[in-house]
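The chains carry the letters A, B, C and D, assigned in the order they are written, with residues numbered from 1 in each.
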Amino acid sequence: MPLTCDQLRAFLAREFPQIHQDFIVEDVAPMRARMRLAFGDRHLRPGGTISGPSMFGLADVSLYAAILGSLGPVALAVTTNLNINFIRRPEPADLIGEARLLKLGKRLAVGEVSIFSTVDNDLVAHAVGTYSIPPRETVS
Amino acid sequence: MPLTCDQLRAFLAREFPQIHQDFIVEDVAPMRARMRLAFGDRHLRPGGTISGPSMFGLADVSLYAAILGSLGPVALAVTTNLNINFIRRPEPADLIGEARLLKLGKRLAVGEVSIFSTVDNDLVAHAVGTYSIPPRETVS
Amino acid sequence: MPLTCDQLRAFLAREFPQIHQDFIVEDVAPMRARMRLAFGDRHLRPGGTISGPSMFGLADVSLYAAILGSLGPVALAVTTNLNINFIRRPEPADLIGEARLLKLGKRLAVGEVSIFSTVDNDLVAHAVGTYSIPPRETVS
Amino acid sequence: MPLTCDQLRAFLAREFPQIHQDFIVEDVAPMRARMRLAFGDRHLRPGGTISGPSMFGLADVSLYAAILGSLGPVALAVTTNLNINFIRRPEPADLIGEARLLKLGKRLAVGEVSIFSTVDNDLVAHAVGTYSIPPRETVS
């Protein structure tokens, strides 16, 4: 049962209060999600750019949202692998993560994310991640 | 000119004030570094575990320290790729990152990091990263 | 100076006689290339599927072709990193590699490849690779 | 039930006749395996070096052997992800793959491989791979 944008927002706010102010749901659809990193001083790094962990976090939450958007909140998917390439150094401003699932199997999901700057729409990073999907409990 | 532990601590405190309280230099030597993530509530995630971005940050700073420990502070190495595998979910406690360089070339450095829990010394994550090393300026 | 399809075919035939019969140039354009793996018994694996090294080879040559298609044959790019996800097991038939460069810098190129089966156009693998581009010689 | 060297050799010869002459079991133990690429002209690339797909194949078979060495031949593990870094160009001679499992779970195995040249024992490539382990059938 896929999640709507509003359902995904409510789910993330309830389950991930720690990151709920950093990451904003822009859009979600089966196999896809678009998330925004709301830039703040805590994401800054020397030279006026955005930290690697912040971009990693955006890639991870965007893929996770795409899985939730497809399977519903039952699935507590766990990140098992994430490979990220940093393409250019982003300016200090909001970033957009565009996630697309390449596979949504019973046990594994694989997807890719492109991270764009909102200043100029340039690609600043690209990631591919694998998620383990726990066995669905049979509810009787 | 390699850096000593104290020189590396001073360098990170000066250049990375944002992360200086999260990551502690435990040891550094040519081609190697050991860093500690000082666990705090901001690293927590649902289920009482440590966030992916915190582990990513530890992997990245450990590899960066190994490069600085070998080349000295002149080198402003830039992360170009990081691939991380999450092995088991860590308990909420300090983590140790053990970085070892596999290659330190003129243009690229490649290294691997094992991340251990301080609770039981179990491996919780493993990463491999590539860093671009800018051309050394000829000082006349 | 970009390469045309015919120039790329001639270049690969001359420089890579070992693989020239396995991989066929379908299309090339700046930042993009499409290559075909001409399936043969030597690519088979138990269960009637195609070997991992064959798919790795297709991913690598597709990205390499996209770089040659953009820079011309002067560039002897060297693969430094390749991350491949196997999505589903392909049937024993030709495969298509669609490569797209994400970055073409002075020192590094980064690109992604989707590998499709020609039986049903399903995605069977996805890869991201990094290439080191040697310094261009100044010809006087 | 772990496999001995001789059992692993017999298993690979029977199940993988296509690659059986390329890859030689040197040693196997729980969580570890050492395999040799028997160099031949078909592994050559321009400049007198060894092809990327050959090194990919050695990394993959070394990790697969470490899984078989731990679980026995029941397990038909499937490669889901492989990330490989090419460190230096190997000379045309046998290569050794030293594989070590980082995790051997019920559903996933993760391991790393170092590939050495037999000419000078230098590290020429390093890879990390993930394998999906199918559910064990309950035999009644």
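Everything below uses one rule, namely that a residue touches a chain if its C-beta (ideal position, glycine included) is under 8 Å from a C-beta of that chain, and two chains touch if they have at least 3 such contacts.
The structure presented is a predicted model; accordingly, all values stated were derived computationally and were not measured.
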Legend entry - Between A-D and C-D, the pair with more C-beta contacts: C-D
Legend entry - Farthest chain (mean CA position) relative to subunit C: B
Inset, instruction - Please report how many Å separate the Cα centroid of subunit B from that of subunit D, as a whole number. - result: 29
Legend entry - Approximate Å spacing (C-alpha centroids) for the pair subunit A, subunit D: 33
Legend entry - Centre distance in Å when subunit C and subunit D are each reduced to the mean of their C-alpha atoms: 23
Inset, instruction - Could you list the positions in subunit A whose residues touch two or more of the other chains? - result: 80-81, 83, 85, 110, 130
Inset, instruction - Over in the complex, which subunit B residues touch subunit A? Could you list them? - result: 15-16, 18-19, 42, 44-46, 51-54, 56-57, 60, 78-86, 89
Legend entry - Of subunit A, residues touching subunit C in the complex: 83, 85, 87-88, 102-103, 110, 112, 123, 126, 128, 130
Inset, instruction - In the complex, go through subunit A and note every residue touching subunit D. - result: 80-81, 83, 107-108, 110, 130, 132
